[in-house]
Amino acid sequence: MNAQVTVSLHSGPLSLSSQQPSQRSSLGGGARLVFEGVVRGQEAGRELRALAYQAYEPMTTRELRRLAEEVAIEHGVLGVHVEHSVGTVPVGGVSFRLIILGKHRAEAIAACDAFIARMKQHVPLWKLPVWADADADSDADSDSASTDDGRTDQPVG
Amino acid sequence: MNAQVTVSLHSGPLSLSSQQPSQRSSLGGGARLVFEGVVRGQEAGRELRALAYQAYEPMTTRELRRLAEEVAIEHGVLGVHVEHSVGTVPVGGVSFRLIILGKHRAEAIAACDAFIARMKQHVPLWKLPVWADADADSDADSDSASTDDGRTDQPVG
Amino acid sequence: MTVRVLLFGPQAALAGASALDVTVADAPTPTDLLAALSTQHPSLADSLGASRVAVNHEFADSASVIEPGDEIALIGMVSGG
Amino acid sequence: MTVRVLLFGPQAALAGASALDVTVADAPTPTDLLAALSTQHPSLADSLGASRVAVNHEFADSASVIEPGDEIALIGMVSGG
């Protein structure tokens, strides 16, 4: 079985419209699982304004695709679709979306869990806090200017 | 912590628009998980045209709400939103949607899995196949006309 | 007494009816009702082990007593999702 | 030889730079490189245990040899999602 895999990086928060509903029925799957990571307003008790995400392209996309294919085969799911932000994602924005299409709930849930756990350990993606009281700490700003992935430098509305 | 819980039954397939994105940021959750059940084209190797869902109202809605609240407390999630079809859902249509909002992935995934497993064991909801070669077997038709839940009798386009 | 039992989904299909009448001794419990259903409606017998009885839209425990006028439903073979 | 190592995220913040030069013996392995980074850039030392080295955008196993001109990146403290 060849699973359908797509991977994309996007500057800034992910849009609502990219949930690819059209792929739903064509794959005939019984279970569609969408996981979204939403930027929280606090980290370690301190107020956040945003998170700044960094990638290292083309390695990041390649590793995400490799992971998606690996998880699809291991769990026998029909489709794995990955979207991840680079650059600044304000609090409340969606920075990550994973869509799993499978025949049954169990394998879709297992694939979702496995993908995210491994992504957080192995895929070249980083986040830095942009604090609400940002004068005191400009780590994220100074750092995002230093990546060689041009997309992380784009301001996002 | 008081989780936000909503439960609704809908005649026919669920629409795409009811994914309640507006509740996303207000809850401040870090993880948003959407599970959708999609009607498959086959069951036991035989071609399906649709599934006919039955509920037993108001017990069905009450049991779904009870389960949502129970799972929310057990797993410490912020929101549980349940939508389920009654009546006919054609192949490819979405018959069930569960949205979990949580602070972290682990509890959102665990809550999703627990909700669905218990729903399939305890909640008064039934499905009957509507076969593509329906002349040979009109179980679903004769049965859907017999429920006391008027909504299951409505034809759905 | 005679108790009318509502049926749904595959159990309604098995019985060929969405409701059945069952004859039981007065003041039956859900256990009594399931036993009578099994005897009087053999097409349902195999499915009753995993079934529960709802009385007035609430799951009833096996020792509760069914009164005349209660709405009785057989909740089995559920398959939401 | 001198190897330029790209840094990202928290490790770039720790080092205060998005790239660092490291002096190593010729034909170093990733293990040699991590050891030299630890000595020459102590701010990164604690984070190197969970870090891997990418050579030309592929994770390198610890016995591979780094050639002049290879693009070297330190992949550690990742946190996608």
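Note that the chains are named A, B, C and D in the order they appear, and that numbering of residues resets to 1 at the start of each chain.
Everything below uses one rule, namely that a contact is a pair of C-beta atoms (placed from the backbone, for glycine too) under 8 Å apart; a residue touches a chain by one contact, two chains touch by 3 or more.
Quick caveat, the model's predicted, so the values are computed rather than measured.
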Set of chains whose contacts include both chain C and chain A: B
Reference chain B; chain at largest CA-centroid distance: D
Interchain centroid distance [CA atoms averaged], chain B/chain C, Å: 24
For chain C paired with chain D, centre-to-centre distance based on mean C-alpha positions, whole Å: 69
Chain centre separation in whole Å, for chain D relative to chain B (CA means): 49
Contacts with two or more other chains, residues of chain B listed in rising order: 37, 105, 116
Per-residue overlap in chain C, given as positions that touch at least 2 other chains: 81
All touching chain pairs, where touch follows the definition stated at the start: A-B, A-D, B-C
Touching residues on chain D, where the partner in the complex is chain A: 6, 8-10, 12-13, 16-19, 54, 57-58, 73, 75, 77-81
Interfacial residue positions of chain B with respect to chain A in the complex: 16, 21, 24-25, 28-41, 91-92, 94, 103, 105, 108-109, 112-113, 116
Residues on chain A engaged by chain D in the complex (per definition of touch): 37, 53-54, 56, 58-59, 62, 84, 95-96, 116, 119-128, 139-140, 142-143, 146-148
